[in-house]
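Okay, so chain A shows up in both of these, paired with chain B first and chain C after.
Let's turn to the complex of A and B:
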């Protein structure tokens, strides 16, 4: 098994809960950056996260986080921050107390733990509420304090289970910016979320999971490119739309071409994206068409999710 | 892929010892326990058996007060020895049990029922540290009202008596230490196990009291039809009484031998550990 010290590696990992399947024969290598973990409820996202964080042990196969086995909590957890999806906190704890305790469990002395807790509280924008009991926090505040809990000890790997749940749009945007910032600093940030649009903007790569099996992994455009059974959609904004449409219809690999409502462009579905773009260049030059935009219209997490998991409930 | 060079630095300062980190859990849970005034008042009342012992020792050595009360020193000394030698142990053990009944569910039931264990177990500690941290709370709470109190009264009596009294009665402090250590361990683990399985505080508390009452009642009922001294093994009260008698060198109240009573207490402790082992998982699995 690879002992890569900058990657999270799953090697033929399966997890069974008695007779119930958690995940099945998962082999993955997750590089640093922001990784979106996408799948319907019960697909195995949380199981995958728990396996990464060592909170579950695989029934078969091996997991390695930056070269460390998750069965060694004393070595693993200084490197890993985990934000659970559950809304639970120690009874009576304040935000500050909760974070100070977490840092003390990491071995920080009281003064240092408190100082670092304040820093991370500021980072998630909870300074005003830090001394209040968590039981009185709103859902969004509890999400922030959970994120702070995961971030407190400056881990290299952040595992965030549904961190955007319950946040208003503004807070979601701030949270995504923070996750992006952490990823850009070279950390592994693994996020599961149902809010696909926002995950799409932020993720460097996605892992799509369904029924315990990984259906796809990698950068979103590449994943989309490999889904050949669904024609790729290309959006073209240009003048002389009718002239371009007539030429496009003549191409064999074009399945469908739709004029946009405003008449300022076309939405084309093709089975051969590369071939189409080459032909488009030629057609544009021949007809003297002024092109404003050519952009893929369905290399989003949403579209890939729909193709792989939606519709027939998970395809090959 | 948009990943830039590492621009953050991990903490590399001094850390507390890994094997002592469980004390963090103990410290925070202890603070939470005393946040209730009602519990603090109840806990203060648990010191009454020890205070009664201190008072008896004082009284038995205060000839002026004794003569005013019309009592003789011999009678009071005998009473003090009997109290210190057996009864104070029992009077301390019972409230200690109720302290565990009150506190244990608050320590663990919410963590289990609300999936709160990952909050602890995603830190550089394991389940053993978590349990140790929680048992530590009970040990710290129960010790002052049990063996520490026992040793205090013993030390006071030894100081008052002088003349090597402490050496002649060395069995007493040993009995307090060993007996209460075994009692605290068994009660702590049993109460944590029941709290983990019952998941809700009222259910856990009722379960704990119920176990003692039901098993004692069951033992009494069984004895009516099955005339065997071994039935006493089911009764926690008989088991504890036998252990206490054995430790203090008194005659056992029941028919079971001391080794069987110790074995029974050990079995309860072991079974509780097993229950905790099976219930305390980082994640609940719904099948």
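Let's turn to the complex of A and C:
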């Protein structure tokens, strides 16, 4: 087993719930940064997160978090915070009481635990409701308190299971900014989502999971580049669209070129992205075309996921 | 002791205290707490009518009150009220967290499993005793109250009444200690510990009729030997040498430690699979 102390390592991990498969033969190494764990509901995301935090034990294989086995909670949880999918709390708890108790279990005395609980409550914007019972909170407030629970002890590894569920657009944007901030500070932030494109912009790398198996892992453009059987789609917004289209059709590696509605650009499918972009530069200079945008059109998480499970890239 | 060991011990104590404090609050004031209060009221429901309707000649018969309380204590308070109060409280220490889907918060804390088990157990024990000890005192007083307030006070506040009361309270403490550990383990081992609990209850009631080697495997047998007043078990009871009190106490405490150890092992295998519960 790798003793990597800066990574989360899964070595040939499988988990069965009786006869039912949770995850199958997963081997992964997750470096620091923001890692998106994406896949539809029931694909095995939560099982992977539970295995990382020791809430589940692997049926086979081994998991190690910064060199620590999840079967050692007293060593693991000073380093790990986990915001689970469960929308439940200890009966009768207030936000402040819940966090104070959690911090006391980390060994802080009552006054210190209460002070730190207040700090993290302020961080998630819940000061007005801190003394109210959690049972009376809205979905978004409960989500914030769960996040506060995961963040309260400043863990090195933060695991967030569907943290954007139930948040309004402003809160989602704040949450994504917070996750980025933590990742840029060198922490491991692992975030799951069943909405495949939700983490497109924010993630440093993604793990795509389907039916309990990991389909791909790494940076999205890199994963997309490795899928050679599907031509890469490039979106070009420019003037003189017809002139550009005529030149593009002459290129050998171009499979298809479609005019966008209103004639403001082209969607090109090519088997050689690098060759195409070199040729495009030349054509634009020769014909004096003004280009507004050149962007890949199918290196989104959603498109890559569709390709990996045998779809057509989501029709993009 | 090295400074590191002292820090470790301090951490465990703080964690145990936190867990126990939360548990006491939950068991006394949380959802489902009503069950232990109802159980605690049952002996009073027997003692009060007895007080009101007891015939005149028997009112001053101290021996009669002592014998009746000893029987009521053994067959009803100990083997029904204390037994079911412990079942209600201790089975739910872990099972209740699973039912409320809040166990994961404890499993996500930096707690060694034995610390989790001991903290929860002590919380359950304190909560149970806070209800059952006053109930025992009140029942004892109500059983003697037909003698009149001043005679009752005189009996209860001096020897032998005070000694008997202390003996009964010690039995309640030890019963909660032993039964509590059993029910905590039941709650960790089985999804539905009801069957095992009823079998245990049957066993405890059958103890007087079991051969001596089997009597040893029972909480009730060891508690009997501490009883301040001997309780008759009828003509079919099989006699056995009573366990010396010191051995009974030490045996029950050792038994509790073993059960808590087994509970810690069972807790190491806890997983969060709420959907399948």
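What we mean here is this: the second predicted complex is superposed on the first by the 304 of 316 C-alpha atoms of A that agree within 3 Å, B and C clash if a C-alpha of one lies under 4 Å from a C-alpha of the other, contacts with A are read in each partner's own complex, and residues count from 1 in each chain.
Quick note on the criterion: a residue touches a chain if its C-beta (ideal position, glycine included) is under 8 Å from a C-beta of that chain, and two chains touch if they have at least 3 such contacts.
All values reported here derive from a predicted model rather than from experimental measurement.
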For this session: After aligning the two structures on chain A, examine chain B and chain C and state clash or fit.
Result: clash
Exercise. More residues of chain A in touch with chain C or with chain B?
Worked result: B
For this session: State whether A:186 touches chain B only (first), chain C only (second), both chains, or neither.
Result: first
Exercise. Does the superposition put A:56 against chain B (first), chain C (second), both, or neither?
Worked result: both
For this session: Identify the partner contact of A:215: answer first if only chain B is touched, second if only chain C is, both if each is, neither if none is.
Result: neither
For this session: Considering only touches as defined above, state whether A:112 meets chain B (first), chain C (second), both or neither.
Result: first
For this session: Once the structures are superposed on A, label A:156 by its partner contacts, choosing first (chain B), second (chain C), both or neither.
Result: first
For this session: With the two complexes superposed on chain A, say which partner A:205 touches: chain B (first), chain C (second), both, or neither.
Result: first
Exercise. Touching A:31, do we find chain B (first), chain C (second), both, or neither?
Worked result: first
Problem set entry | Overlap of chain C and chain B interfaces on chain A (superposed complexes) | 17, 50, 53, 55-56, 73-78, 80-82, 84, 86, 88-92, 101-102, 104-107, 109, 149
Seminar exercise, completed: Per the touch rule, the chain A residues reaching chain B in their complex are 17-20, 31-33, 46, 50, 53, 55-56, 73-78, 80-82, 84, 86-93, 97, 101-102, 104-109, 112, 116, 149, 153-156, 183-187, 204-205, 219
Problem set entry | Residues on chain B engaged by chain A in the complex (per definition of touch) | 1-11, 13-18, 21, 24-25, 27-29, 32, 35, 106, 110-111, 114-116, 118-126, 282-283, 285, 287
For this session: State the interface residues of chain A toward chain C in the complex, per the touch definition above.
Result: 17, 50, 53-57, 71, 73-78, 80-82, 84, 86, 88-92, 101-102, 104-107, 109, 149
Exercise. Which chain C residues qualify as touching chain A in the complex?
Worked result: 10-11, 14-15, 18-19, 22, 26, 29-31, 97, 100-102, 104-113, 268-269, 271-274, 276
